[in-house]
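In the two assemblies presented below, subunit A is common to both, partnered first by subunit B and then by subunit C.
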Partner chain A sequence: MDRRSLHLLLILAMLAIVLVVHLFFGFHAADLPNLIAALQRFEAQSYEEAVLLFQRLPRTLIAIYAGGIAAASGFVLQSLVRNPLASPATLGVNSGAALFLVASALLFGASAELQGIAALAGALAGFLSSLAVARLAGRRNDPRGLSLILSGALVSMLFTGMTNALLLSDPARRAEFLSWVTGNINHVYIDRLAMFWWIGALSVAILLLFARPLTLILLGADKAASTGVNVPLVSRFAIGAAVLGSGSAVAVCGPIGFVGLVVPHIVRPFMGNNLVHALPASLIVGAIVGLAADLIAREAFYPYVVNTGLVTDLIGGIVFIVIVKRFYLSPGSREAS
Partner chain B sequence: MLETRHVSAAYGPLNVLSDVSVRFSKGRLTAIVGPNGCGKSSLLKAIMGFLPISAGDILLEGVPLHGISRKALARRIAYLPQDCFCPDYMTLGELIELAGYSRYSLTGGPSAQDRDLFKQVLETVGLSDRAGFPVNKLSGGQRQRAWIAMVLAQDTDVILMDEPVNHLDMKYQFAVLELVRELIETHGKTVIAVLHDLNLTTAFADEVVLMQSGRCITAGPVADTVTSDNIEQVFGLRTQIFPRDGRLVCFPERIGHASVA
Partner chain C sequence: MIRGGRAIDGKRVLRLAGGLQMRTGNLLAGACLVAAALALAALATGLGLTDTGLADLFRTLAGESLPGAENYALWTVRLPRILLGFMVGWAVALAGAMLQSVARNPLADPGLFGFSQGSMTMIMLLLVFLPAAPKSLVVLAALAGGLTVAGLLLWLVGSERSSGLSIVLMGIAIETVLSSFGSLLILYLPTETSIALSEWLAGSLFQANWTVIAAFAPLFVLSLAAIFVLGPAMATYDLGSEMAMALGEPVGRSRPLILLTAVVLSSAAVTAVGPLVFLGVLAPHIAGFLSPAVARARLFLSALMGGILVLLADALTRGLGGSLPMPLGLSLTMVGVPLFIIALRLQALRKLQSH
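So, the complex of A and B:
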């Protein structure tokens, strides 16, 4: 077995462990056989079993979905815009989705389904706004792509400000979104996951299908084209899939920041830059990070439960600084890759 | 084999190719030579379809390349850009496997036949023991051979190389061009390479295309094209050219600078 297959097996084993801990942490050991039986027949006969099936399990699924999609999107965005700081959170995707969703609900009274569509439109709008601002700033003269990240930060601030203004203007309904808007993995959002999971699944399928041509694009557009890749087509499809997938995750549980930024940097040293191996690994590690962050959010301050988005933002903020130092500020820092 | 007929192309208002008509012979190394900015790289880019042509035709075995799909072109012509970029952590084996992309289905990967080819390719370039090695950790000469291996793994008859020996020291320049000769002589490839050094050109190329200001000044066998008059016309530099050990040596005359003591 080669080294990369072994790494993939190892992280799958880690996912299994984190998954079990996430589901069963805090229950009495004596209850475990009953809880497992309840999971198998999918029916609750006690309070603990109800907690497991209707609180823990939904959280688990949402954490896996949000973490996995954000990480895969982050890897693809970092590859395509050739920037180690690219991610759904730093390119305006998450804040765009959040703004459009809140606006559709508060201004137009949209149903949950329509809110989801608004989030997808917002994700695209956020990404395109970041690109447009970067172009105005003259991205062509900036080989390291820092202006794109600054534009993303600018767009995110603007959109987040507008979202907050909308929430403040509607005291009657703001409670409904106040927690969601900071990224909240909560069992009540399982209905939204049931509504939108297929968008993420479709995005991931497209990204996995394009893993090889996307890796070739990493070698440069001309090199990729000379080996047979239709670069504009693959880039557009992949960016569309990454952005819409992230939008669907925001529609489910709000913007869970920084997973998409951090996970590719964890994955690369073990799985390399070939997306054929690195993309499945990103999905799995993203799910692990999502579950772990949610576990911290749920258990670290017991009996209080904090928003998972706050935990990922805290960890992600620190990692963001480390990456900036490593890629941009250290002497002889490397080209973005 | 490969032929350009009255090809013109421009980057915006700047004409980079004007009425270029060249026939590249099969199974030969043709060097494209000329001063900086004369359109050498642009000619390769026009053949690859990266630079849209405004007039003329490019034909491969009599068939126009215009409108051919990227995948179909990738099965006929491989291209080595001037500056190759490899992301960190990517191994030589992965790089070579990617080269066969045009032969894979959307969900499939390399066949057993492809894997045999990849093995042979690594042997040809002398890097059989480096397949699991990250490309960016190879030495300069090995790295250039890695990129040539990728081009070979594409398994095409025609290979275009844009300054393949740039950034290499003299020893590696010779090693890489000797490898290119081997591709031609034992693997029957047709290679078209942009070269800067006239002495490397006369030592390794079969034919030469001399370019200046986007035009083809002359093209043909080395002995007919690399002449004092042609070189002076193209480079504006008086050059003595004399035979030595069966090949031509180019010796530019001094242009008024201090001589070596």
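So, the complex of A and C:
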């Protein structure tokens, strides 16, 4: 067995452990056999069993979905944009999806399905506006793509501001979206997961299918083209899938930021740049990070339960600082530029 | 004893007896901005539901008394808003202009660099752990928070050779971390406090009153002195710190002093109305667009512009927004981002031309 398969097994084991902790943390040990039985029957006979089935389990599923998708699309974006700071949160994807969803709901009274479509359109719009702003403000002397990340941050600020303004203008429906806007994993959103999960599954399937040609593109567009890869088509499809996938995650539980930024940096040292191995690993590690962040949000501030988005912003912001420090401000990188 | 003349670069200047000289263009721009500020303030006294305005203001100043509702609207709501808004905008823009010279970074801004958020976080920590703390301690906490973030940023960014964009990104990252930390802190505050806080977190003039203005006014006067004392140093810092040293600027002493002044100004503004992002970078750019200036003139024009921008944003949100209670920080962000992008674009164009 080679090193990569070993790592994959290891993170699968970790996922299993975090999953169990996420599901059962806080219950009495004596109740565990009953709870597991209830899980197998999928039927609740006591209060604890109902909590497990109708609050814990939905949270677990949403956390896995949001974390896994964000991580996979973050890895693809970082590879294709060739920027260690790229992620759905830093390129305006999340804030675009949030703005369009809130606008469709408040201005046009869209139903939940239409809100999901609006979120997908918003994800694309956010990404494209970040690119447009970066080109507009483009500095020819910017080999490391910092202006793209700055544009993403500006677009995110603008879109988030517009979302907040929209919410303020409609006090009656404000409460409905207020906690969603900051990224909230909550059992009530399981309906949305049931509605949109296939979008994420489809985009992950596309990314996995393209893993080989994408890896070839990473080695250089010319080399990939010489092996028969249609470079523009594959890149566009992959970026589209990554952006739409994370848009669907926003449609479920609001913008859970920074998982997509952090996870690729955890995965890369162990699995390398080859997407065939790194993409499944990103999915798993993303799920682990999502579950762990949700666990912290749920239990660490007892008696309060905070929004998961807050926890990921807090941790992700620190990682962002470390990445800027390591990639852009260390003496070695300055000489290389 | 005032004589007209031309400077070395051929621009018209006025020379005063003591050897002080001012560019006529800058003087003109300053006069126009002061006039614009006064006009805006006059307009803003008439904005709102209650029908009152400038005429009523003169009448009360002449000794007549107004009916209760008009009196309240004018003296308790509108005038404090206008005065405080102008002074806060002045302070933030001045801080931004100073930072831009010292950091040699045209994108420097106390909000984008996270200073404001640092002040907020420290104030909230104080409110959580010492709820009975006196007001003066709140001001000190804001200052300490701003200084901590400034120190952190300096430590993280290291030498000034690093590229300008990475400092901004670092500042934005620090801001994100601190603001989510702040949202966690809100949980541990009593409900009444947290509702008042969340309004202030968004940056708003809702709570403007004469007590805050009285507390802020001395700082405003001090900032005028700071412009006069520190102004000349700015012109040398704009050329880089080696050049500043060569020109006889005591860099070791004046750089910390300038940074401290900027942090004091921004944390005072945060204490009064909450964080205002983008104002510090916008005002100097727009002022420079109107009339290119250096040293004292640049600081003065930028600060005036800051005050005007806040008056304008507040008047727009009250006049156009109508019933929409939009916080000032939010409207500044929504106006600020597009203008900031334009500023980036202009900068890029200038670079293209110079290459």
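By our rule, the second predicted complex is superposed on the first by the 330 of 337 C-alpha atoms of A that agree within 3 Å, B and C clash if a C-alpha of one lies under 4 Å from a C-alpha of the other, contacts with A are read in each partner's own complex, and residues count from 1 in each chain.
Simple rule for what comes next: a contact is a pair of C-beta atoms (placed from the backbone, for glycine too) under 8 Å apart; a residue touches a chain by one contact, two chains touch by 3 or more.
A quick note: this is a predicted structure, and the numbers were derived from the prediction, not measured.
Once the two complexes are laid over each other on the shared chain, residue contacts for A:178 go to neither subunit B nor subunit C.
By the touch criterion stated above, A:274 is placed in contact with subunit B alone, subunit C being left untouched. Of the two partner chains, subunit C is the only one that A:161 touches; subunit B does not reach it.
By the touch criterion defined above, A:10 reaches neither subunit B nor subunit C.
After overlaying the two complexes on the shared chain, residue contacts for A:188 are found with neither subunit B nor subunit C. Legend: residue contacts after superposition of the two complexes on their common chain; A:36 is shown touching neither subunit B nor subunit C. Of the two partner chains placed by superposition, A:20 touches none, neither subunit B nor subunit C. Using the contact criterion defined above for the overlaid structures, shared-chain residue A:213 touches subunit B, although it does not reach subunit C.
Subunit A has more of its residues touched by C than by the other of subunit B and subunit C. Shared contact residues on subunit A (touching subunit B in one structure, subunit C in the other): 334.
Taken in their complex, subunit B has these residues touching subunit A: 45, 48-50, 69-71, 73-75, 77-79, 81, 84-91, 94, 98-99, 101-102, 104, 106-107, 109, 132, 154. Looking at the complex, you find that subunit A touches subunit C at residues 85, 133, 136-142, 146-147, 149-151, 153-155, 157-158, 161-162, 164-165, 168-169, 182, 301, 304, 306, 310-311, 313-314, 316-318, 320-321, 324-325, 328-329, 334.
Listed in rising order, the residues of subunit C touching subunit A in the complex are 156-158, 161-163, 165-166, 168-170, 172-174, 176-177, 179-181, 183-184, 187-188, 202, 277, 324-327, 330-331, 333-334, 337-338, 340-341, 344-345, 347-348, 351-352, 355.
For subunit A in complex with subunit B, the residues that touch the partner chain are 3, 209, 212-213, 215-216, 218-220, 222-223, 225-230, 268-269, 272-274, 276, 334, 337.
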